[in-house]
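Before we start, here is the structure in question, set down as structure tokens.
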């Protein structure tokens, strides 16, 4: 049976990784490459690398760095940040990305998602959605530009639309919870899981293993993404999977045989 | 084995090439069909859309050349993901009013590629993540040294159903049985990505490179 | 382009550094705030805390003081003795101890303290140095783990509750505000600020033949063990204003020896004297972030009004980030030998971990190196 995935997320800003709280990401953590190497060595299920400032300018994406990161990354890699054209996707796939994540550009041009899905397959496109709770009434509002710009879309409605456009998965992030280590917004995850038929990856707020178990068992996430918990506490992706297994959630076992004959 | 990785304009070449380099195999990037002569074995990668991949194979003269190398000269071939699906007779991906029979593949292993939903799968599609692979012959061959039930990384919405059950080398379960690997003679394929499946995947790649094919 | 603090010379690529709207970094701001601190009150607080923990009956040591024999730990021991404490000094032996380092350790012992030195298996250590360098670009990774772990293990082992660290690097070097207020070093601090770069001790098993049994000295005590003994750590630098130069003077007044010339890559001769690998550690900092030891020192002294920013900048341009051909008289080849690494492999690693965006490159994108292998940053100051 398909296993639940634990996915470390790397937030990349210019020179290195950053950590944010509520998407206020000023705090530099260190260079990207060592983090990629460490997670690769740990054989994590997948890795997500997001360039959180690429959307700000029309400059081309930093393919050079992504090429370098791809050299040391043998785990499935999703790359996102500032993708606006399909030509960039081909370039990213060549550099070693297995999937691409689209966020801001999709709001103004949802056809981008369909184009990528048609050319490269739905499984190649992850729709990344960042939301904040609606201050009046229920629901969550979607924000683009790394949480800066209200789009006027409600999350369930947007999730359905983007699914219809061909997205293969949804990466749903609670902006308020992000970096707080207080737990995922379970109501949000559940709402999105129920709104679509494609896999949903929970993101934003994981602080301990129980949070991840809850996101899967109670809210129906197919995978859990997290950053701060792995970078700043003694907890690890392997520990998360052990805890999930103990809670009855199917997780991947690492291969213990030999590679060489 | 001098391994050639076919660059027909599609595919996550970077990952496959890097994986082979990690295994201390110097892969040859095959950019022209005639360059296949200088190889002892071939890997056909593939990511994305079957119809696009098939079209590029045709346009680049690859289909013809592969017929000669693989079916004519019996050169070992490993198709990965869409590369495996391309071995089929046809795929329903891209089927529409203009092409109700779907898109033709290389036809090396008779069978069709269908959407997981059309095969009865009611779980979330695409099938993405790690899943157990079973029913493989573990001594010799592609899965040598890889225990039954080892997880590999899948990311696909369509699956290959070979007409002849004997061509199915391994399966996985995603609500319905899904073909995980195929083999016919020296032609094999994996739906999962061995180059992304960590050490199990590397072991499989090494088995292909070193062993009697498949 | 690299942005620099307007007051000191630190670039904003440094982890945990934050440059405010006026262009001043949080480390400089933190230092400014020192004037507002009531040091008398802090001193009293320290004495009260020490009273709480010291053993009047002499049945056990009052505290554990992690020491290296350097200027800061020598100063710390001098202070401890002045305060009438009976500390157990604990050293985690450094990766490649220099003769001067050994001499200063002996000097520290002769100030009159009980002393324990834990020397982790040097063969394993060399493997860990190699792993640190190849995996995260930090040869001193095992050293950092050792420094923060071995004294804590000693506290548990010897049943001593109080650990007295020196300075909280977050205070001086700038760190998230909440951490600066926190004057206790615990597991969380270690993970966040201990320079672990995301790698865990548990990651090491299986790499280069490392097994769990090799990692005992690097294994942090469990929460249960810490709770059983009641281990608490305090930073002396929170209670006494910390200054490396004045520490050095006091240390020298108490027998501490300095190097006979300025240390490579630095402009002083009184610190980082005990480990030949420090040159490599500092160099990789430069490659990754664009600042080395000279920048660190310039910033420290600018903040304290001993150097103008201009003079600091000039010193940095001249000294910072030079390829470490030798350190404290030992050649790079000799330093790398226990790690089973050639200079060529070392250079390839340097290039791999270099943040290419911050150094000058030629038209093809290759890094420009001078005949000695040194790189040049794209900018050494704000426009």
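Lettered A, B and C in written order, each chain numbered from 1.
The rule is simple: a contact is a pair of C-beta atoms (placed from the backbone, for glycine too) under 8 Å apart; a residue touches a chain by one contact, two chains touch by 3 or more.
What you are looking at is a predicted structure, and each value in this text was computed from that prediction instead of being measured.
A simple rule picks the central chain: find each chain's mean C-alpha point, then take the one closest to the mean of all protein C-alpha atoms, which gives A.
Greatest Cα centroid separation from chain B: this falls to C.
Computed from the mean C-alpha positions, the centre of chain A lies at a distance of 34 Å from the centre of chain C.
If each chain is reduced to the centroid of its CA atoms, chain A and chain B end up 27 Å from each other. Chain centres here are Cα averages; for chain B and chain C they lie 51 Å apart.
Shown for chain C are the residues that touch two or more other chains, of which there are none. Per the touch definition, chain A reaches chain B in the complex via residues 1-5, 43, 45-46, 67, 70-71, 74-76, 93-99, 118-124, 168-169, 197-199, 222-223, 252-255, 257-261. Touching chain A in their complex are the following residues of chain C: 12-18, 135-138, 176, 187-188, 191-192, 197-200, 202-203, 207, 288-289, 352-353, 355-358, 365. Residues 11-15, 18-19, 22-23, 47-49, 52, 82, 123-132, 145-147, 150-151, 153-157, 173-174, 193, 195-196, 198-200, 202-203, 206, 210 of chain B are the ones that touch chain A when the two sit in their complex.
Remark: chain A residues 14-16, 26-31, 33-35, 37-39, 41-42, 64-65, 68, 230-234, 236, 238 touch chain C in the complex.
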